[in-house]
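Okay, here's the structure, questions in a sec.
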Amino acid sequence: MSSQFSGVIPPVVTPRHADGSIDTASLQNLTRHLLDGGVSGLFVLGSSAEVPYMTNAERDLVVSTIAEANSAAGDKAVPLIVGANEQTTNRVIEEAKRVIDLGADAIVVTSMYYAIGNAEETETHFRSIHAAVSKPIFAYDVPVRTHFKLPTDLLVRLGREGVIAGVKDSSGDDVSFRQLLLAARDIDNFDIFTGHEVVVDGALLGGAQGVVPGLGNVDPRGYRNLVDAAAASDWAKAAAEQDRLADLFEIVYAPNGRVSGGAAGLGAFKTALQVMGVIESNTMSAPMPALNEDETKAIRGILERNGLV
Amino acid sequence: MSSQFSGVIPPVVTPRHADGSIDTASLQNLTRHLLDGGVSGLFVLGSSAEVPYMTNAERDLVVSTIAEANSAAGDKAVPLIVGANEQTTNRVIEEAKRVIDLGADAIVVTSMYYAIGNAEETETHFRSIHAAVSKPIFAYDVPVRTHFKLPTDLLVRLGREGVIAGVKDSSGDDVSFRQLLLAARDIDNFDIFTGHEVVVDGALLGGAQGVVPGLGNVDPRGYRNLVDAAAASDWAKAAAEQDRLADLFEIVYAPNGRVSGGAAGLGAFKTALQVMGVIESNTMSAPMPALNEDETKAIRGILERNGLV
Amino acid sequence: MSSQFSGVIPPVVTPRHADGSIDTASLQNLTRHLLDGGVSGLFVLGSSAEVPYMTNAERDLVVSTIAEANSAAGDKAVPLIVGANEQTTNRVIEEAKRVIDLGADAIVVTSMYYAIGNAEETETHFRSIHAAVSKPIFAYDVPVRTHFKLPTDLLVRLGREGVIAGVKDSSGDDVSFRQLLLAARDIDNFDIFTGHEVVVDGALLGGAQGVVPGLGNVDPRGYRNLVDAAAASDWAKAAAEQDRLADLFEIVYAPNGRVSGGAAGLGAFKTALQVMGVIESNTMSAPMPALNEDETKAIRGILERNGLV
Amino acid sequence: MSSQFSGVIPPVVTPRHADGSIDTASLQNLTRHLLDGGVSGLFVLGSSAEVPYMTNAERDLVVSTIAEANSAAGDKAVPLIVGANEQTTNRVIEEAKRVIDLGADAIVVTSMYYAIGNAEETETHFRSIHAAVSKPIFAYDVPVRTHFKLPTDLLVRLGREGVIAGVKDSSGDDVSFRQLLLAARDIDNFDIFTGHEVVVDGALLGGAQGVVPGLGNVDPRGYRNLVDAAAASDWAKAAAEQDRLADLFEIVYAPNGRVSGGAAGLGAFKTALQVMGVIESNTMSAPMPALNEDETKAIRGILERNGLV
C-alpha cells in the first residue's frame, strides 16, 4: 500500500514569553530544532500546542510562524498537518478554511465535544467537513478530551471512501488500535499514527505508519532513530530506543500532583525545551501555571541522564 | 437576603429554517411567547440553544434578535443572561465582550472543556473572566458536557467575594445542590438556579432562587405557576404543577434511542414548539437530524394530554 | 395506594471492637437507639454496614444480633430489611436464603457487579431471585458501586408484576427518581425510598414513601421529625429540619481527603456514635482506617452545634 | 532476571451442561486441549471462567476438576494460578485459603470492588493477604470490572518487597503497562502478563513475561507459536501470528449488540470450543444467555478461515 504521511510528526508546542504573548522567535527556533531532528511532518495546533487555550488570532499567528520557518528550511521543509479544533461541524469548517489559507497541507479533526453526539452524527460531521474543505483530513481520536471514542468500523468506512486520509490515535486503547491497523491494511493512502510516546515500537510492529509524539518536541532524533530501526526490522534496537524514550518520558511525572494533568505534561515538554535552550520561557497559556524551580530541576536531571543537556 | 435574579429564566431554543439558516422571525415569536408566559429573564446561547453548534456570526444574530424582541416588549422586557460558551479563559473573555456589546445583562460561563483543568485553574479561570468583563457572571455547572464538577467550596468562595453572581446547576447532583443552597444562604445577591425540569419544587423548597428549564420554552406559564405556588408556600400546588410538568417532560423520550442525547431533548422542545405553532420548523443544527413524523406524533399526543394544543 | 414499608429505615452501621471483631453489645445498643428514635424499619447489611467487608460468618452474626435486639424491643420492634449483597444471581439467592432464615422480613438486592451485565440480564437477575425466595425484594440502585444504573422502565415493570416490592434509590439521579415516583404512583404496595440524606424533603414532596439515611444512625429522631412534618403537610417545618440535618451531614467531610470515600462517610457515622456513647469504638472493617483524633474533634463540634452531645 | 512464571497461561473457561450444571467431563477435556496446545500454566477461576457467576461449591468443583486433569497429564502438568475473587480483604483471604487447599500454586487477586477504596487501602489489602496466605500472589489489574486502576508505583513497591509475585494486566492502558515493564525490569521473580489478546507481540517486545489470553482457550497453540517466535527474536513471525490471532479474535464481535459485553466475549470462546468439539455445550452461567445459531454460524466461519475446524 502506498502512504502519504509516515514517520515522526511531532505536535509542536507553543512557546510564550513570560508576559503570556506568543514567542514567535522561540517558535521558529523550535521548528528548526524539529526539522534538524529528522521529523517527516509537523502537527500544528494540536493538544500539545495548547490549542484550546489560544484565541483565533494566536492560532493564526502560530500557523503562519511555523509555515514561514518551515518554508525557510528549504529542502528540509515537511508537510504541515494542522488541527482545526472546534466544538462542532460548522465551526470546524470555518477553522479549517482559515488554517488551510495559512498553509496547512492537511487538517486534523476530532469528534464533536461539549456537544453530545453519537456515531451517526459523528459520521455526518466528518463527511460534511470533507465536502467543505480541499485538503486531506486526519481523524483525531482523543476520548480523554472529547469523551467519545471513534468507532473502528466508522474509521475504516470513512477511510475506504476517501473521506479521511488517516487517523491520529490518542485513545489509549491499544486493542482497538491493533484492530484498526488490521482492518485498514488494504486501504491505499490511509495512514495511522499513534499519539502515545512509549508504545511506538509495538505500534510500528503492528503496522502503524508513524507517531505523533509530544515528547518528540524534546527528542525528535530519538523518535527518528526508533522509526528507522523499525523500518530496518531491527526490532531489538527499536525496543531499546523506545525504552530510553520511555525513561525520558518520566519528565511528565516531575510535577507530581501539583498541577493539572494538562499543565503537567505540556509544562514538562516546554520546561525541557527551555532547559535545552530551544525556547526562551516555559510560560503556559492562561490559566495554567508554569512548572516551578524544583520541577525544572527534576526535569533537568532526567534530561541529563538521557544525554540531552 | 436580596436577589438580583429569580423566577423562571428559560434557555431560549434556536429556531432554524428548513435550509438550516437561523429563523429570526420564529425566534422573535418565541421570545414573545416566553415573555407572555411570565418569565423573569431569558437565558440566551445556552446548551438548549444549540450554542456549541452555532458559528460566531449565528451567535451574534441570535443575541441581537432576542435583544430586539425583548426591547420591543416594553414593560414586559426582562434581563438577558447570555452564555459565553468557549473552551478556555481567554476565548471566553472574547466571547463575553462580544455578547455584552450585543445586549447581555449578565453572562454564563462553564469551566473549561476539551482542555483538562483542575480546581485551581478553574478558580483562576473565573477570576480572570470577572476581572475582564463588566457584567455579572453566572457559573454554569454542567459536568455531563464539561466533565468537571464545579466544587461547592469554590462556588461559595467565588460568590462571597463577588466574583460570580450565581450558579446555574445542571450537575444532576442534588446532594451537592442542597449543600450549595445551605452554604450560600447568607451571601447577598448570589442567586442559584436549577437546570433540571422535574425537580423544581424540591429545589425551591430547599431555597433556590429559580429555574432555567429547557421545557420552559414549551410551557413557560406552567413553570411560572410552579414558582408562584412555591412563593406562596402552597407546596401541594407546587408539587402538583411539578408532576404535570414532569409528565410533559416525557416528550424528550419520544425519540427513544434513534438520535443522540443532544438531538433528542432539544429536538423534542423544538418539535413541540412547531406543533404549537410558535416556530416554523423543527430543523436542528448540523449534524443533528430533526425528529421525524412518528416522533412528532408522539409529542403531539403528550402536548394534547397536557392541554397545550 | 397502600404501602408495606414507609418512613425512616436507617442502614444500621456495624460496630467493631478495637481488635476488629464484631461488637455485638454495641450493636444491640445501637439497635435500641434507633428503635427509640422512632424508626419504622431497619436496613441490615447495607453499604453503611460495611457489608462488602464482612465475611459470611460476620454477616450472619450481625443479622442475628439485630434480630434478637429487635425482638427484645417488644412493641417497638420493626421489620428487618436485609441486604443480600453478592456479585450475581445464584450467589445472591444463596445469601438471601441464609438471611431469611436468620429473620429478614424483606431482602435488598443490587444489580450484578464485577460481572458486566446489561438491562436484559438484570431483568433476568431480579426475576430469578424473586422466583427463588419467599420474601419481598427491594431493588437497590447504587451505580456508584455497581456501575450500572437501574433503568426506570425496568423498575416500573418489575414493580407492576410484583417481582420487586420497592426501590432504595442511591443513584444520585434526582431526575430519574422523580420520574420513577410518577410512573409508579398507581402501583399498589410498591414503596420507594431515597438513600440521600440531604434531599429528603423534596423526595417526600414528590411522593416518596420514605428514606434510608446513613445519617439516621446518628439522628434517627431528626429524620422521624422530618417525615412526620411532611406527613402533616408542614413543608416549611420539613425543610427546616432537612436543613438542620444537612448541616449535621457535614460530619462526613471532616476526614477531608485523608481517607477513602468509603471510609470517610461510614467512619464519620461510627465516630459520631462513639462520641455520643452509643457504640464503644469507631474501628472500621479492614482495610479501612478509623478516623483519628483531629477528625473526631471536628465531628464532636458538629454534633455539639446540633445539640446531639 | 529469573522468572517463576512465563509463556501462555490461558484463563480456563467453565463448561456447563445445558441444564446449567458444571460439565466436569468437558472441563477435563478442555484442560487436556490446553496442555496439548503447549501452555505453561493455567489461570483458573478468572473472569473468563465466569467466576463472579459461580457459587462457592461450583468454584471448588472447577478447581479440583482442573487440578485432577492437570495431575493426570503427568509430564505435561503445569502450575495452577487460581483467582481468589472476592469483594474485600478478609473475604479474599478466606477464598484464597480454600483454593490453595484445592491445589492452587499461586493466587490472583484484584483490588476491592463494590467497596470504594483508595491507593492506601489497596496497599493494605495486598499486604494483609500476603501475610495470611502461603502462595505467591499475582495482582490482577482489571479496572473495567473493579473501577480502580492499580497504580504503577504501588505495583513496583509491592513487587520489590516480595508482597506480589507479578501482575496480570487487563487494564487496557498500554502506556502504564510499558512503564511497569521498565520500572520492574530489575526485580527478581516478578512476572508481568498482559491479558489483551491482540497486542501480545508488542507486550513481549517491551519485556513482558507472557500472556493470559481468553482466546488461548480456542487456540493455545497459536499463542505458544507467538511466544516462541518472540523468544527467538523472530519479530516478523511474531507479528504475523499476532495478526492471525487478532483476526480469530473477531469471534467476540459475532454477537454484535445482542448480548452484554460479558456474555459476548465469553460466549464466543465457549461457542468456538463447542464448534471445535472440545466442550459439549455453549451454555452460559445465569443470567447470561448463550449465543444463538446465527452467532454460532458466524463464529464457525471465522474458525474455518483460521484453520481451526
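Just so it is clear, A, B, C and D label the chains in written order, and each chain counts residues from 1 on its own.
Everything below uses one rule, namely that contacts are C-beta pairs under 8 Å (C-beta built on N, C-alpha and C of every residue); 3 or more make two chains touch, one makes a residue touch a chain.
All figures in this text were calculated on a predicted structure; none of them were measured in a lab.
As for how the two copies chain C and chain D face one another, over half of their interface residue numbers coincide.
Comparing mean CA positions across the assembly, the chain most remote from chain B is D. Mean C-alpha position of chain A lies 36 Å from that of chain B.
With each centre defined as the average position of its C-alpha atoms, the distance from chain B to chain D rounds to 50 Å. Across the assembly, chain B contributes no residue in contact with two or more other chains. Contact annotation for chain pairs lists A-B, A-D, B-C, C-D, with touch applied as defined.
Every residue of chain B that touches chain A in the complex is listed here, in rising order: 52-55, 85, 87-91, 94, 112-118, 120-122, 124-125, 128, 144-147, 259-263, 285-289. Within the complex formed with chain B, the chain C residues making contact are 172-175, 178-179, 182, 196-199, 201-203, 205-207, 233, 235-236, 238-239, 242-243, 246-247, 249.
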